[in-house]
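Labels for the chains are A, B, C, D, E and F, by order of writing; each one numbers its residues from 1.
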Amino acid sequence: MAHLVSAAFVRNRGLFLPGLRAVREMSSQGGPTPPFSTLSISHPASMITHVELYRPEKRNAMNRAFWSEMVECFSQIAVDAECRVVVVSGAGKIFTAGIDLMDMSSDFIQPVGDDSARTSWNLRRLIAKYQETFSVIEKCPKPVVVAVHGACIGGGVDLITACDIRLCTQDAWFQVKEVDIGLAADVGTLQRLPSVIGSRSLVNELALTARKMYSDEAKTCGLVSRVFPDKEAMLAGALELAGEIAARSPVAVQGTKINLIYSRDHSVADSLDYMATWNMSMLQTQDVLKSAQAAIEKKSPKEVPFSKL
Amino acid sequence: MAHLVSAAFVRNRGLFLPGLRAVREMSSQGGPTPPFSTLSISHPASMITHVELYRPEKRNAMNRAFWSEMVECFSQIAVDAECRVVVVSGAGKIFTAGIDLMDMSSDFIQPVGDDSARTSWNLRRLIAKYQETFSVIEKCPKPVVVAVHGACIGGGVDLITACDIRLCTQDAWFQVKEVDIGLAADVGTLQRLPSVIGSRSLVNELALTARKMYSDEAKTCGLVSRVFPDKEAMLAGALELAGEIAARSPVAVQGTKINLIYSRDHSVADSLDYMATWNMSMLQTQDVLKSAQAAIEKKSPKEVPFSKL
Amino acid sequence: MAHLVSAAFVRNRGLFLPGLRAVREMSSQGGPTPPFSTLSISHPASMITHVELYRPEKRNAMNRAFWSEMVECFSQIAVDAECRVVVVSGAGKIFTAGIDLMDMSSDFIQPVGDDSARTSWNLRRLIAKYQETFSVIEKCPKPVVVAVHGACIGGGVDLITACDIRLCTQDAWFQVKEVDIGLAADVGTLQRLPSVIGSRSLVNELALTARKMYSDEAKTCGLVSRVFPDKEAMLAGALELAGEIAARSPVAVQGTKINLIYSRDHSVADSLDYMATWNMSMLQTQDVLKSAQAAIEKKSPKEVPFSKL
Amino acid sequence: MAHLVSAAFVRNRGLFLPGLRAVREMSSQGGPTPPFSTLSISHPASMITHVELYRPEKRNAMNRAFWSEMVECFSQIAVDAECRVVVVSGAGKIFTAGIDLMDMSSDFIQPVGDDSARTSWNLRRLIAKYQETFSVIEKCPKPVVVAVHGACIGGGVDLITACDIRLCTQDAWFQVKEVDIGLAADVGTLQRLPSVIGSRSLVNELALTARKMYSDEAKTCGLVSRVFPDKEAMLAGALELAGEIAARSPVAVQGTKINLIYSRDHSVADSLDYMATWNMSMLQTQDVLKSAQAAIEKKSPKEVPFSKL
Amino acid sequence: MAHLVSAAFVRNRGLFLPGLRAVREMSSQGGPTPPFSTLSISHPASMITHVELYRPEKRNAMNRAFWSEMVECFSQIAVDAECRVVVVSGAGKIFTAGIDLMDMSSDFIQPVGDDSARTSWNLRRLIAKYQETFSVIEKCPKPVVVAVHGACIGGGVDLITACDIRLCTQDAWFQVKEVDIGLAADVGTLQRLPSVIGSRSLVNELALTARKMYSDEAKTCGLVSRVFPDKEAMLAGALELAGEIAARSPVAVQGTKINLIYSRDHSVADSLDYMATWNMSMLQTQDVLKSAQAAIEKKSPKEVPFSKL
Amino acid sequence: MAHLVSAAFVRNRGLFLPGLRAVREMSSQGGPTPPFSTLSISHPASMITHVELYRPEKRNAMNRAFWSEMVECFSQIAVDAECRVVVVSGAGKIFTAGIDLMDMSSDFIQPVGDDSARTSWNLRRLIAKYQETFSVIEKCPKPVVVAVHGACIGGGVDLITACDIRLCTQDAWFQVKEVDIGLAADVGTLQRLPSVIGSRSLVNELALTARKMYSDEAKTCGLVSRVFPDKEAMLAGALELAGEIAARSPVAVQGTKINLIYSRDHSVADSLDYMATWNMSMLQTQDVLKSAQAAIEKKSPKEVPFSKL
């Protein structure tokens, strides 16, 4: 299947499209990119891949296909040397309504197994598989910027907490919805949200009551780093931010992402040791020399041609 | 002793008392609930237990009895199927003045032992016991909402950092008091506060200088998630919030609390694994079906009758 | 070399200099304190050591000497019974421009080794050594208050995240600069910043784009706990804060620092156990009695004469 | 209940009974010690407590009472200053047949709950409670020597892996029985056995096939440290070994046990740090001086009168 | 590709073949099982899958195909309900000569990348991929018995340390070969061997000197749990052992494997918690009832028909 | 001081001395190597450093000087490109009698401090310093072979458990002596011994009773990997073993040591990740090519000239 995706990538990879045109393409209504049925992939600018949740008529609800396609898509991006940064957004009126209960209910509401233990066994395998859908975002060494407009519900929060930088529009709201349907959120929110925002009291409140959080509170508590007036401005902002990242040494950028995630899960001493072991080879890149020279010559990183990674 | 407590519980468990009447009951001056001498237990609404620190004439200072009663009380609550959420507040003018130095001083100021090592041995056992007083709040799978008015000093901060959601009044202030009496805070603050609020610089400042922090700063830094104009409004808010939680599936709510605490202390990978292992059985609850059906029928979770847990 | 430093300490240790005079001394232009060539050490008040980055003509850029001198300086401070708290600031127009690329470039841009593996080996040893430069701040049991004015760039951010309390002036800005020169920050920022501030989205944005963050955002996100109008006011504030800390029991204060850092890297259960084991001896200090008595007599901690530690 | 136990202790605490008489008492057929119904407690020698599994007519099968009584018994021992070391053995023909399926089956074979999730909830609480039955042995700071004769089956292996030193008779055999009754061993064997013996291949084989391991293999693989010809010799040996431990400084001995268990679960760096923090107070014991003096005077530790702990 | 493998499985799955005939089939010279080119898959008995390294003419050296096929093979086995236990052995004269340097050298001896950092990047991805080749054995919940004859060199040791039970012939020898070709073993030996055998001194000696270890020492140190006179006897023994495991409840057996591996990497407290959370659902299997009933009726587990898992 | 040591190194570094002559030099009675007063340093063969505990008249008791000199010595060895492996042994009749109580007693028996807490503070610093004396052996990336004859008591066991490979003579015995002098062993034994040998029951017995363990049991339990008839044979064996290690690629050997120690303290998953990150640069060494070529040409590693490290 990999070569199909690859073909889709090539087909959609256009020339560099600066400014507004790029943003427009980002919101294009062209439909999902085959072989995907729920994702639209485009390349609004050099080295930037745009992944759009694309089931607008279903409020980008996460159906069975989506859970697999994300894994396929990000596995591909992880090794695509033409991509240095990813922007994720949602097509249509909202970012995502979360899990598509209609499509998925048989898995969770009528799980199968000869006895309760075997049903558990099957469920565990299923949950682990769905967790992987968002963990691939984290395992992908390229930074992922997510841009949320309208609503981001349930599984949507699981998704965005696995991304690196979160942006939203003024009209955006977020809801850890799972308790409302009788379950503890099990594909990432409870595991990642507490280290994403600064108030544990708020994390608990959101997860235990399923109340909505609006964009201003999302900004204050640190869930998003910026709020934009509308979707177009947000996508322009996301593209600009992505451009800043794409312009820098991929060795530096991807090493930074990997080590930031490492340090979340390890002690400072362990993380420093890992970092030293990482950089003992990565400092031997020519990018350091190129960057230093550019700095001396007062050039922007954007003018430096880095080798692919 | 357990049956006595149980009796106390039954005796105080009234009918559902909505709105203001419930709040009034929450601030009732009825005195401690036997067999407790420092805690007043009531049930302002269905499935909600209200634990009131009740030594108003001593500014709810934590005396010897208090340290044991909290353990007894929360151990009981942990297995009380009639309780799905707890509200903790303080009777009288302030939340708590912290440890009751008069009553406790012999333990810490004149510790005993045949030599310095044996004194240490005895002290370590004592500290571990007092740590347990607040750890029981965390081990209790029911969410605990704490509502602070007036002052919350020393041991009070240890207490509230072990709770799940923190609310306060406009006139509340918080003080990590321990350095002022010559010791490093040893029953929870130094261990939990850093993961409770978002600024490490602030945590250090508070703990190293014992300066007071007022409600507005407490809100900004994320220690509390909401500030209310006065105690009555706060208790009403706490009750409403507790009501939201109590209305939801206890399987979902308590699983959420347990996994949120788990993820604080483990890596994301470990926490996801634990979550999958947890939910492989918990997803088999009928609450998912009931909740999903209610959602389809546009009913509130409050209308869904969940089995006891 | 230790005795030289010690001599430098004694030479600069004056009498208690209250108020403005102390602040002035803190900004004195006397030059580096021998044997140091990049640090100026003074004692603006009793029990307070002031460490000033002192290469103002080079914007306090961190040269080869600096990386060693910090280790020597803080190792000395760690065992100096005359010091209970440290203030770190920068001489001249800005706090620090970060690493001195001119002086250091041979290490990192032209690393040596007979083959790529041996070059890696040498680089790892070097990185580990430079990491130690800031880890000593953390290992030093005395709290370190850092006061930033103007710019704090690259290595400067690594430095301040290893300090305990961060203050800045209105005109201060911060920049995680490393990606701009083609490398992942490897001496502390990526390891410590995420637990220092409350928004992971912001941490990632700063580290991946190298954008500047100004004082107001630094305050909002919790990087600094206070912003002052100018350097003089900030140093006065830092001195006052340091004075609050210095006035308290060193047993309490240093135990607090050690346990706060411990709890960052361990689970709450492990941290509580360590705390109990720590305090089983530390509670046997006479400082508790002295402090308690002072509290009863309504005296300030500043009036209590604690033994040296 | 504690005072009852205490009374039982006092009633059974005789004078020092050296040599064979002590051993005979250890195998006395006097029946369980009230208030216990499954344990016989005696004191064959000074500072030594002997806990005998006492349901010989049921092959010491672990019934409902047993699981509670062990917790009560070891909690008591943990704080009994008259006890410095514990010997555990089994009355009658074998050490233990493991869990008493007849008595316990309702708990595990017909667990209750309104739905599968609630049944899980109840089972988890139950398992955690039964795990505690053996974890108390580990939490008790006094070393526990276990002496196994005949068979040690299922729960018996869980029990002995939580003890500190294992001895057995020539005719002893061990069986990790749980897979034979359709479950993974969940009260300690799978968690502790791998760090108890040196061959992981053997651990896996034993746990996956439930085959019997005889005394010689138990010695070779390190499960037991000594094999004795018969029960009487073993009890004499256990008593002698216990005597060696009881004769030494309780500060040293109990600190050793605590730190050995700590180092099993932590990195060497963490364990060294904990050890230093532990001994900073424990080295201040007079036992060091007493022991050193005795060593100089060529006295045996047994002649040194240590204070109680 | 999965369906091809599946077809291969079905094609080779014969009826139950007891005793010698089964063993003979295990050593059959039929060649690799398509689509595999380096592995021969057969089913010598009900519920037992036999995976044979099958490049006898190349001493089962691990070539490029092998590293992928193992992942494919064990991923398939992990979800094959017809398999409850796996036996791994080698075709031809020895178990394996380790990595096929001729086939693999371009990867490691001439790695590619535009600069040293990019070469490192590519190598890290490659190493991680090859580590997965053996980690799949551990992730597969079915126990894996490995039977070694002749030589087991380099990568072979990485392979067998990831298996659960190790058997060997009298003529077998083992060699941690990597230092001889200038590298630290990086696909599992250094990570797993220390917890597999009981003497760290021996582990270090083997890994640092690449000396051969013969079967008797392998038995003494616990690397293997049994030594057989020749390959035929060993395969018969492996089959019998596998039969014992296959006869037991797959819920019990696979839960045992998963929790044994979990406890290797976590503290005892964490492992007990995980175990309780695991068994809260797994104890609800009908296998417990079936097994208990069989035990009462004195039947062998082999006579109990367990549902598939 | 470093240059003095360096000079000492150069002065003693002779030509390659094969066979017996080398061994004789190893037991030379030349006295300590200045500036050391307790250690004799020599170079019996190319790339091998011999560190001899040298206070034979005091049974190599560890006095105050020893604790510092070990740190100095191994810090030097860690960066000495002429050394690839270290042999440690003891001069005179026994390996070591452990801590020199006469010389050290003031530190531990009469510790100082204004109150018990301050005494603790000072003791903790002291213990941490003494722990470092043996941790340097572990931090030194060159493998350390220790050869024990006669007695190895107390601190001696702490020392040898920090070494990589342990050898002993037939007449050697080992004693974890600390409980005999009233303290829990605090400089490494309790932390490292459990992962060094395979029987936890034995570890506990040794540490709790201070009984002697003789060479045969030391071999059986895995503490030593070989036993030699006498000291001369042992030193010849140690030299030969060291020669095997010294002949191999230092990149491979030292990477092996570092990763073996890493994996002791981390999960397998973490250790594999670290290993991949380590080898991404180390595989780029020319040693792999050289070694592979030598293997093809049937040459011994000893004939391959590796660059220094």
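The rule is simple: a contact is a pair of C-beta atoms (placed from the backbone, for glycine too) under 8 Å apart; a residue touches a chain by one contact, two chains touch by 3 or more.
Computed from a prediction, not measured in an experiment: that's the story for all the values here.
Enquirer: B-E versus C-F: which interface comes out with more C-beta contact pairs?
Expert: C-F
Enquirer: Could you say what rotation angle superposes subunit A on its sequence twin subunit D, using C-alpha positions and rounding to the nearest 5°?
Expert: Rotation angle between the two copies comes out at 180 degrees.
Enquirer: Could you work out how far the Cα centre of subunit D sits from that of subunit F, in whole Å?
Expert: Averaging C-alpha atoms per chain gives centres 35 Å apart.
Enquirer: For subunit C, give me the residues that contact two or more of the other chains.
Expert: 116, 119-121, 195, 197-199, 221-222, 251, 264, 266, 269, 277-278, 280-285, 287
Enquirer: Report the residues of subunit C in contact with subunit F in the complex, numbered from low to high.
Expert: Residues in contact with subunit F: 79, 114-118, 120-121, 125, 251, 281-287, 307-309.
Enquirer: Given the complex with subunit A, which residues does subunit B contribute to the contact?
Expert: Interface residues on the subunit B side: 143, 164-166, 195-199, 221-225, 241, 244-245, 248-249, 251-253, 255-260, 263-264, 267-269, 271-273, 275-285, 287-292, 295, 301.
Enquirer: Which residues of subunit B touch subunit C in the complex?
Expert: It comes out as residues 101, 105, 108-109, 111, 116, 119-121, 123-124, 127-128, 131, 135, 138, 178-186, 188, 190-192, 194-195, 197-205, 207-211, 221-222, 264-266.
Enquirer: Where on subunit B is subunit E touching in the complex?
Expert: 266, 270, 274, 277-278, 280-281, 284
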